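First chain A sits with chain B, and in the next complex the same chain sits with chain C.
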Partner chain A sequence: MISVRGLVTEIRRYPSAIAGLLLILVFLALALYSLLTLPREQAIQLWRGGAVWHDSPRNARPIWYNALPGTNLPQTLVLDSERDPEVKEQREINDDHNEISIVFEFEYDHDGFPPELNLFMRAQYDTRRPFATVRWVTPDERSFSILQGGLEREHTVRIDQLDRLRRELDDLRPSIGLFRDPDSDPDAPEPLHGTYRLEIEGVAFEADSDIEARFVRYGQVHGVAGTDHVRRGIAVALLYGTRPALAFGILAAVGSSVSTLILAAVGAWYRGRLDAILQRLTEVNMVLPLLPILVMVGTLYSRSLWVMLGIVVLFGIFSAGIKTYRAMFLQIRELPYIEAARAYGAGNARIVFRYMIPKVLPTLIPSFVTVIPTFVFLEATLAMLGLGDPVLPTWGKVLEDAYRNGALYHGQYSWVLLPSALLILTGLGFAMFGFALDRIFNPRLRER
Partner chain B sequence: MSNDVLLRANELRTHFELRKYGFLKAGEVRAVDGVSFTIRRGEAVAIVGESGCGKSTLARTILGLYEPTGGSIVFDDEDISSFDRAKIAWYRRRVGYVQQDPYAALPPFMDVRRLLLEPLIVNGIRNRAEQQERIVRSMHEIKLTPPESFLEKFPHQLSGGQQQRVVIARAKILDPQLIVADEPVSMLDASVRVEVLQLLRQLQIDHGLALLYITHDLSTVRYFCERAFVMYGAHIVEQAPVDQLLSAPQHPYTRALVAAIPDPDAANATRFRSVPHGEPPSLANPPSGCRFHPRCPHTIEGLCRDHEPPYFTTAPDRRVACWLYGESS
Partner chain C sequence: MAGASGASGVSGDGTASGRGTGLQVTRYILRRLLAIAATVIVAVYIAVLIANMGGYVDEIRHAQIQERVAAQVAADEELMELPSERRAELMEEMVGREVTRRGLDQAFMIRSFRYLGNALTLNLGRSHEMTSDSGSRLVRLIILERLAPTLLLFATAELGLFGIAVFVALFLSRRYGSKLDRLFVALAPTSAAPSWFYGIFLILIFSALLGWLPFGGMVAAPAPDNPLLYAASVLRHLVLPVSAIIISAVFLAVYSWRTFFLIYSSEDYVELAKAKGLSSTVIERRYILRPTLPTIITSFMLSIIGLWTGAIVLERVFNWPGIGTVTVEAINLYDTPVILGTVIVYAYLLGITVFVLDFLYAVVDPRIKVGLAGERS
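== the complex of A and B ==
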C-alpha cells in the first residue's frame, strides 16, 4: 500500500501525470468558476432565453479571430440612448410638443461588413404616436433615409429588410450597401472607413411623450467562443458544460466501478445463490446493448442527464468487469490471511471490505481514472444522437447544433473544434493521469 | 472428565461433498472420519501424518473454520460444535492459529501495527492504551525489538522468519489457551526453523498454553511435544507420548514413519530401508476394514480387510488402532 505522501512524490516523477493532473485541475477550476459565476438557472436562461440574445449576431466567430494576423473583422457595437444620455437632445416647443434628436456616431475601420443592422426604438405615449425621421450619414456625407413615420411603443427596424433602401443601394444588402465605398465594384464591395452617423429626429405630441433608441451593428466576431444559429453565446455552453461533463464522467465511472467491485467481492465471498444471481444478471446484461436502451429511454421516458446517468451506472454495474473482479476475488478468498482473519473472528462484512477489496484496490484505482473519459464521451455521444439533456447546455449539445447546422460547411470551425478540444483535453487529462497512476500502483508494469 | 482437559474431540467428522455438473451429488471426501482425542491444558501435542491424510482439515475443524459433519468439540467444558454465534466468538478468542506460509498469512496491505490491531478490534478491545500495551508486549514476546522499528513495516519488508514471528504474535495477542500451528516452519529456511520452533515452545511453556502442532516431519516433534497423534487416512491410528512413540512405535504405519527419520550414520549410505509400498488411501473411497491394510506388511487374513480396528490401550496414555495389539491384550 502506498501512503499519500509517497503517492505525491511518485506522481512528481512522471511529467505526464503532472500534465494530466494539471488538465484535470483546470477543468475542475472551470467547473468551480462556472458554479460561482453562472448559476444553473442563469445558464439555462442564457441558453434558452430569447430576448437576451437580441444584441448577439448569428453564427459569429470567436472574438479572438481578430488576433490572427491581417484579420480585422467587425465586432458587435451597441449604441443606446438610454445608457448614454448625452447623445440625446430634447427641445420643448410648447406644453405638449417636444422635439427629440438622437445622434449615434461611430468609427468604422474594419475589413468586411457587419452581417446585420438593427434599430430598436421605444416610444412613450398615451394616444398620439410620436413621429420620427431616421437618416444614415456616411463619412463622405451621403445620406440615406432609414425610416420616416409614426412610432409604435416597441418599434424594431430591421435595416436589412428595408426593400426600398435596398433598391437605393444598387440592390445590395443594406448592411453592406450602407458601408460600401461608392468607388468600389458592387460585385466586390469594399468598406469605406471613417465616421458614420445615424441621426434620429423625433417629434412628440404629448407632454410626457418620449423616444429612446438602441442601434446594434452586429459583428462577424462575437464573444469568447462565437455564437450559434440562434445568436446564443457558445461560451456559455462551453463553460457550463464542464459541470455536466465532469459530473457525468466521474459519477458514472466511479459509481459503476465501485459498485461492480463491491458486488463482485460480495458474490465471491458468499458464493451460493447470491453469487449465481449476480452472475446470471451480468450475463443477461452483457448481451443487452446499452446504446439502443438509452435511445429507447430517451425517446419514451426522459432525456434528463441524471436519468441517463442512472441507467449508465445501473448497466455499468453488471458489466464484464464483475466477471474479472470475481475471478480475482475467488483467488483472494482462499488466501491464508483471510482464513486467519476468520480464525480470530472477523465478520463477513469486515472480510469483504477490509481484507478482500483492499487487496485489489491498488490495481483498480488507475482504471477508475482511465474510464472517466469513456463516460464523458458517452454523454457527448448521447447528445449527438439527439438524446442530450433538453435543458442543460452541454458540450455534446453544442456539437449536435454545429452538426445540424452544417457548421463545417459554413467555415465555422470553432463551433465544432472548441467543444471537441474540450472533450479531447478532458480525456487526455484523465488518461495521462490514470496511466501514470497505473505505473505507480502496479510497479511491475513500469518500463525499465 | 477431569478438569485438566482443555479440548476434547469426540468422533469428529468433516466430510466434503463431491458434485457432478455442479448439482448432482457424486459422493464425498471424508477428510476427517471419526477422530477422538483430548488435549490437556498447557500440553504440546503433535499431529503427524503424510500429505492428504486430513491433518490440516482436522486443524481447521478444530479452529471452527469448517463446520464438522458429525461429532463434537468440547472446549473448556463448553460444547462449541453447535456453532452458536456467541459461543464461536468466545471460542475464537481462546484459540490462536499459526499458518504454514507466513507471507500469505499476512494481509500485504497492512503494516505490523495494523495486523496486530485487527484481532483486538474484532474482539472488542477498543481502548487505545490497552491496544498499545498488548501490541508492545507481543512484539517483545516474539523478540522483534525494539517494537517501534517493526510496527510501521509491511510484511514484504520482513524476512520469512520475522513474518512467521508476526504471525505467532497475532495468534498470541488475544492470550489464547490453545494455539493451533499448521506446519509452522515448513515454508521457512532451515536456518530459522529451529529459532521459530524454540520461540513457539518458549511461549507455550511460559504462558501455559496448549499447542496443537501439525507436521509431516517427525524429527521436529521430539524436541517440541509431549504427545503425538499419528494420522493415516482420516483416522488417528496411534496416540502416544513422544519418546515412547519414537523409541517403540507400535502401529505398522508409525513404525514405517519412524524408520524413515534420517539418521546421520555413515553405515546408512550403503543400506536401503524398507518403505511401505503403495499410495496413500483415497479419502473419497477408503479401503474397507483397517485403512492401512493394503500397504501393511502384517495383514491378518480375515480380520484387517473387513473389520475396522478399535483403539487398544497398550500402555498408560498410549492407544493404538491395530488388530495386532487386540490379540495380545
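== the complex of A and C ==
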C-alpha cells in the first residue's frame, strides 16, 4: 500500500494528474455553487419554461460573444414604467379623467438589429378601457405609429407582427425597419445609431384607472450562455447539470465497481457453484445490450435519472471487471496471511471483507476513477435518444435540444459547444486523473 | 497482419498432428458457439422478462389476435349482416377462444418461454406505427432491412480501428518516449467520450464550417443510378461516422496495446532474436505481435462491445439509416414491439461479435490448437 503522503508526492510528478484533479475540483466547486444558489425545485421550475422567460430572446448567443473583436451585437434591453417611475407622467384633467404619458428613451449603437420587439402593457380599470397611442420616434425624428386603441388588462403588442407597420417599412420586419438607416439599401439594411424614443400617450376614463408599460428590445446576445428555442437561459441547465452529471457518474461508478469487487471476492473465496454462476452471469451480461435495455425501460416504465442509475449499477455489477478481480482474488486467497487469519478463527465474511478486499482496493481506485466519464456520457447518450430525465435540466438534454433544433445548421455553435465542453472537461478531468493513478498504483505499467 | 499462414507453421513443429489440430480448433469453436448461443438465449429471456414486467408482450399478442379476428369478421359477409352488438359479442368470444388456444391465459412462466421462442426468431408481430422501407409493418422486416447499413458502418469502422491501432501501437513501441508517443499517451483520456460526441464536432467542422462532407444520411438525396457513383456517394457519407468511431477509440487502444508491446518486447526471447540479427520487421511480427495477439483480441472485443452502445446515437447524429436510427424512431413513436425487437437484435449482434472474435482467438492462439487452453482468463 502507498501512504497518503507518498501518494501526494507521486501525483505531483504527473502534470496530467494535477490538471485532472484541478478540473475535478472546479466541477465539484461548480456543483456546490449550484447547490447553494439554485435549489432543485427552482431549477425544475425555470426549465419548465413559460412566462418566466418573457423578457429573454429566442436562440440568442452568449453575452460574451460581444467581447470578440469587431462584434457589437444588440443586448436585451428592458424598460419598465413600474420599475422606473420617472419615465411616467400623470396629469389629472378632472375627477375621472387622467392623461398618462410614458416615454422610453434609449441609445442604439449596436451592429445588426434586434431579433424581436415587444411591448407589454397593463391597464387598470373597472368598466371603461383606457385609450392609448404609441409612437416610435427615430433619432432623425421620423415617427411611426405602433398602436392606437383601447387597452386590455394585459395588452401585449408583438411589434414584429404588425402588418400595417411592416408595409409602412418597405416590407421589412419592424424590428429591422424601425432601426434602419433610411439611406441604406433595404436589401442590406444598416442600423441608424442614436437615441430612439417610444412615446405612449394614454387617456384613462376612471378615477383609479392607470397604465403601466414594459418595452423589451430583445438582444442577439443574452445571458452567460445564450438562450434556446423557447427563450430559456441555457446557463440554468449548464449550472444545474453539473449535479446530475457528477452524481450519476460517481454513483454509477461506485455502485458498480464496489459491488463487482465484493462479488468477485465472494466468488473467489467460496469457489464452487456460486463462483460458476457468477462467471456465467458475466458472460450473459456481455451480450446484454445495455443501452437498448435502458431504452426499453425508459419507454416502458420510467425515464427518471435515478431509475436509469439503478439499472446501470445492476448491469454494471457483472461487467468484465469481475474476471480481472477474480483472477487477483484467486491468487490472494492462497497467501499466507489469509491462512493466518483462518488459523486464528476468522469467519468467512471477515476474511472476505477485512482481508481480501482491502488488498485489491488500490487497483480498484484508478479503474473506478477512469470509468466515471463513461457514465457521465451515458446520461448524455440517453438524453440524445430523447430519454433524458423528464424534469431535471441536464447537459445531455441541452445538447439534445440543440441537435433537434438544428443548431449546427443555423450556426448557433455555442448552444452545442457549451454543454459539449462541460461534458468533455468533466470526462477528461476524471480520465486524466484516473490514468495517472493507474500508473502510480500499478507500477508494472509505469513508464520505465 | 500475422495471419493464419504463420500460425500453421507453428503448429507444424508442435506435438499435435495436423488433423488433431483441426479437431481441437473445431471442438473449441463448437464449444464456444454453444456457450454463446446459450448466453444469447438467456440474455433475450432477460429482455423478455423486463419487457413483460408491465405486461407489454402480452399486450402485443392481444393486439395481434384482435386485429386478426377483426379482419376475419370483416371478410365474412354472413357475420357482417348481424346486428353490431351481436357481432361484437361474437368477436369477443372468438378472441377469448384464440387467447385460450394460444395459451395466453396460462401462467406467466410457461408463457414466457413461448415468448422467448418468438423473440429468438424475431417473431414480434406488427409495429404500432412504423413501417419498413418496403411498406411492411412486420417488426422483423422493419429491423432486418436496416441491418445492412449498420453492419457496413460498423464493420468498416472496426476494421479501420483495428488496423490503425495495431500499426500505430507497434510504431510507437519502437519509438517509446518520443514526442509522438507522449502525445498518444496524453490523448488516451479523450476516449472517455463516445463516438457520437466526436461525430457532432466532425459535422461542425467538416460539414457546417468547411462544407466538404455531407451532414448525414447514407447516399446523396436523389440516389445516383450508376452503381459506381452510388458507391462513391456512400463512401463520402461514410467518412465522417467512421472517423468518429475510430477517433473515439483509437487513442485508448493505441495506448494500452503499445504498453503490451513494450512489456513483451523486453522478454528474453526478443533479446535473443535481436542478438541473432533478425530484422526488426520479423521481430515485430513473430516475436512481439504473435504472442500478444490473443490478449489484444480480448481487449478489442471489450472495446467493440462498448462501441455498439455509442453507435446507436452515432446513427441518430449522422441520420444513418441503420438499427440505431430505427431505435430512435421507435422511441419517438413509442412503438414498443420495435423497441423490444431492437434489444433482441443488439443481443444477437453482440453475441456474433463475441463469437467472431472467439474464432479469431482460436486462429491466433496456438494453445487452443494443441488443446491446452479451453477457457481464457
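Note that the second predicted complex is superposed on the first by the 448 of 448 C-alpha atoms of A that agree within 3 Å, B and C clash if a C-alpha of one lies under 4 Å from a C-alpha of the other, contacts with A are read in each partner's own complex, and residues count from 1 in each chain.
Note that in this section a contact is a pair of C-beta atoms (placed from the backbone, for glycine too) under 8 Å apart; a residue touches a chain by one contact, two chains touch by 3 or more.
These numbers come from a predicted model, not from an experiment.
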Handout entry: Clash or fit, chain B versus chain C on superposed chain A
Key = fit
Exercise for the section: Answer with first, second, both or neither: which of chain B and chain C does A:Ala67 touch in the superposed model? Expected result: neither
Practice task
Give one of first, second, both or neither to describe whether A:Phe435 is in contact with chain B, with chain C, with both, or with none.
Solution key: second
Exercise for the section: Go through the superposed model and pick first if A:Pro358 touches only chain B, second if only chain C, both, or neither. Expected result: first
Exercise for the section: May I ask you to decide whether A:Ser16 touches chain B, chain C, both, or neither, giving the answer as first, second, both or neither? Expected result: second
Exercise for the section: In the overlay, answer first, second, both or neither for which of chain B and chain C A:Leu335 touches. Expected result: first
Practice task
Determine, under the contact definition given at the top, whether A:Val297 touches first (chain B), second (chain C), both, or neither.
Solution key: second
Handout entry: Residue contacts on chain A - larger count, chain B or chain C
Key = C
Exercise for the section: Could you look at A:Arg350 and tell me whether it touches chain B, chain C, both or neither (first, second, both, neither)? Expected result: first
Handout entry: Which of chain B and chain C A:Ala320 touches, first, second, both or neither
Key = second
Fill in the blank from the handout: In whole Å, chain B and chain C in the superposition are separated at their closest C-alpha atoms by 13
Completion exercise
In the complex, chain A touches chain B at residues 1, 335-337, 339-347, 350, 354-355, 358-359, 362
Completion exercise
In the complex, chain A touches chain C at residues 16, 20, 280, 283-293, 295-301, 320, 323, 327, 370, 373-374, 377, 380-381, 384-387, 399, 403, 408-409, 411, 413, 416, 420, 423-424, 427-428, 430-432, 434-435, 444-445, 447-448
Handout entry: chain A-facing residues of chain B, complex
Key = 60, 63-65, 88-89, 92-93, 95-97, 99-101, 104-110, 118-119, 122-123, 154, 167, 170, 174
Handout entry: Residues of chain C touching chain A in the complex
Key = 35-36, 39-40, 42-43, 46-47, 50-51, 53-54, 56, 177, 186, 188-194, 196-197, 200-201, 203-204, 207-208, 215, 259, 262-263, 302, 305-306, 308-310, 312-313, 316-317, 327-328, 330-332, 334, 336, 339-340, 342-343, 346-347, 349-351, 354, 377
